[in-house]
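Below is the structure I would like to discuss, written out as structure tokens.
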Amino acid sequence: MLPTSINAIEAYSGANGILKKVKKGSLLIDSGTIDPMVSKELAKEVEKMGAVFMDAPVSGGVGAARSGNLTFMVGGVEEEFAAAQELLGCMGSNVVRCGDVGTGQAVKICNNLLLAISMIGTAEAMNLGIRLGLDPKLLAKILNMSSGRCWSSDTYNPVPGVMDGVPSANNYQGGFGTTLMAKDLGLAQDSATSTKSPILLGSQAHQIYRMMCAKGYSKKDFSSVFQFL
Amino acid sequence: MLPTSINAIEAYSGANGILKKVKKGSLLIDSGTIDPMVSKELAKEVEKMGAVFMDAPVSGGVGAARSGNLTFMVGGVEEEFAAAQELLGCMGSNVVRCGDVGTGQAVKICNNLLLAISMIGTAEAMNLGIRLGLDPKLLAKILNMSSGRCWSSDTYNPVPGVMDGVPSANNYQGGFGTTLMAKDLGLAQDSATSTKSPILLGSQAHQIYRMMCAKGYSKKDFSSVFQFL
Amino acid sequence: MLPTSINAIEAYSGANGILKKVKKGSLLIDSGTIDPMVSKELAKEVEKMGAVFMDAPVSGGVGAARSGNLTFMVGGVEEEFAAAQELLGCMGSNVVRCGDVGTGQAVKICNNLLLAISMIGTAEAMNLGIRLGLDPKLLAKILNMSSGRCWSSDTYNPVPGVMDGVPSANNYQGGFGTTLMAKDLGLAQDSATSTKSPILLGSQAHQIYRMMCAKGYSKKDFSSVFQFL
Amino acid sequence: MLPTSINAIEAYSGANGILKKVKKGSLLIDSGTIDPMVSKELAKEVEKMGAVFMDAPVSGGVGAARSGNLTFMVGGVEEEFAAAQELLGCMGSNVVRCGDVGTGQAVKICNNLLLAISMIGTAEAMNLGIRLGLDPKLLAKILNMSSGRCWSSDTYNPVPGVMDGVPSANNYQGGFGTTLMAKDLGLAQDSATSTKSPILLGSQAHQIYRMMCAKGYSKKDFSSVFQFL
């Protein structure tokens, strides 16, 4: 589970890389969040060596990792999925096959794109409501039983004092860092550019998290966008 | 329940307006979605006549209205809320007091701001995923058990073929029109400008719905942003 | 030349307002930047008193005011324009009639909308170029002989060290404050909402200047967006 | 002068590529607009063969190419610049050295980023002004003597009827196609992501041109954004 596409390429194709020594029939599972194009490239190289490659990025964060409740989004051939599932099931309670190699990454990227957008949206709506004189707890309660409801509003609310046990209750420490979100949005941007998909709010979300990194929020949880606004 | 702030002002303050003839002690409830500043102004005028004004915008759409399951977000003095609740309970299953006059509007505006943002976000994420080769039903299923989950993805998915009984399953007919969403986002924009609240994604969502209105989507449901992208 | 629409309304329609005492035949010229709808309203009231109202917002800043080189954008009836021109010519080297009442404001708003967008664009392009290893002076020089050229790049460059005698050469002091730009963009936003004109970049520029005001840039020149980025 | 980074890589490194047969001491000049990182990679490979590589993207369009008045933005070692200048001077009236390999691309990308932003800004401001009742010719005239002035407003105005001899006077035929602008903004986006530079308006401009390509504007001049709005 390496941080960037470049690290993954090096680990596989570098001078002492995995591709140099991998045994026939091995199952190689990469759980980093990287460019799906790179996953596909690596899978081809691995196949040449007679082994099998799968991408299986995770979601759930540190908490879910500790309790073995991660979600794995797996891309790879169907025949080998049972084997992967057995291994990954030790760490995760959800192991979902998304399709062929690269689709695990694609699902992860789409999820985090939507997550970033709805988190910023939640921060904007809560902030506007507070400035209009609303009580934040009451506002969150009504949003959560209405059409504005989303994971960022009902499970991970970014406004201090609204929920317990979330980063906003702990000065935005822990959780999923702003830098990591900016990185994932960079991958979404790259995928959108290469597939010519318009992501109007997504590219704005990307830029907002980039700015936050430059303004001292890089190590805070990504819900600190409420504080930034 | 009139469409704009101007209509409401005329109904109350116009030549043959309500303010000319209202009896002392009357309870006046306005369920249109209008500028909260206007609600406050009207409440002051009504108070001068010895009557009581409340704002009580609704959510839920045509379906909920038919079945008496609307949500009413009520702004007004606490002492009169029980009376309002009795009346509104005939049409709605949720009648929530949000605070003093204007707060019903404020909550409605914040909800629809977040709704518009998460709907466009859902459309962008689903569209990107499809172009990356994912099956839309599978993608929606995984998003809905992950942190990208929102009402627009799990209850009102904008991609044809993913869900039944929603406007996207019926060529985006019925539902909540793009023009109405553009109008509500105009109110959010005005409130944000007057309270100096930054709404980076919200103002972009506003502009996107404005453009859609000009491009032939005005009568379609607001989830048609998927088709537009 | 009052700062907001509300101030202008009070100066005219307030308890001791101009409308109470204005003599027939007077020529009233308002040089504040306000909502063109308000200018039109005031003109109607003034006309009822037998006087004439014109809107004549200025551009050029403190320097041009000192040297009598302001530009006045005038909206008002053609017959009275010569009289206005004579007066305004004492302070301005350009006195342009833009059409009937309100058009002076409309031109001012459109100019500042485009100005804000091209200033932020210049800041983004210069910043990106510098991070790509370009010399800022050389980059500015080439932009200014190419299709990226604009007033913000060739006359008021936001990058310290590129030009002399501009706010960026003086720690962004003096010039046209970020708060004032945010205010003018608020007027542009209101005009765009009421005429249903899409301003995708304009509304984003508005939000960026709003954020800057909240982040300690309110008193700096609006070219400090380079520093903010 | 090939359309994409991938084409350039193939022309140099492909099975029958230039790198296979290039003679020592050759001067290789690439005038396509591609990723500056790719230019640098190619330069390294070329150097290994004992030859010299320069990037020299152009601006000016078909008209300037015909009349030999192109602008060349050159990146490459200083010692060889005189030789390049002699060749490129046959086609261009401006041949500017921007620094080492890759800087020609960097300048081109920054220019087109700013160009796209100011073109969309001009379209938004002109459109808003027209809807506010202004005469487009008069509005353009005043903008062009004010701080909103830019190449898109004074040399290439996007509103039909304002200027002669530009694409907007000819149903947006000829000129610089929307697809090409979307491509260059994709390069700007990639450069911004890899250097972690925030480009808030730039990424929005990118998405707008992407949407235009999907909506039937791909072959029209990029000033057709006025028509799109």
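The letters A, B, C and D name the chains in turn, as written, and every chain counts its residues from 1.
Just so we're on the same page, contacts are C-beta pairs under 8 Å (C-beta built on N, C-alpha and C of every residue); 3 or more make two chains touch, one makes a residue touch a chain.
Bear in mind the structure is a predicted one, so any value in this text is a computation, not a measurement.
Taking the mean Cα position of each chain as its centre, A sits at the greatest distance from chain C. Of the two chain pairs considered here, A-C and C-D, the higher C-beta contact count falls to C-D. A straight line joining the Cα centres of chain A and chain C is 43 Å long. Per-chain CA centroids place chain A at a distance of 34 Å from chain D. Centroids of chain C and chain D (each the mean of its C-alpha atoms) stand 30 Å apart. Contacts with at least two other chains are made by residues 196-200, 204, 211, 214, 229 of chain B. Interface of chain C with chain A (complex): residues 204, 211, 214-215, 229. Residue ranges of chain B in contact with chain C, taken from their complex: 182, 186, 189-190, 193, 196-200, 203-204, 206-207, 210-211, 213-214. Contact residues on chain A toward chain B in their complex (touch as defined above): 36, 59, 71, 73, 94, 96, 98-100, 102-103, 106-107, 109-115, 117-118, 120-122, 124-129, 131-135, 138-139, 142-143, 145-153, 155-156, 188, 191-192, 195-202, 204-205, 208, 229.
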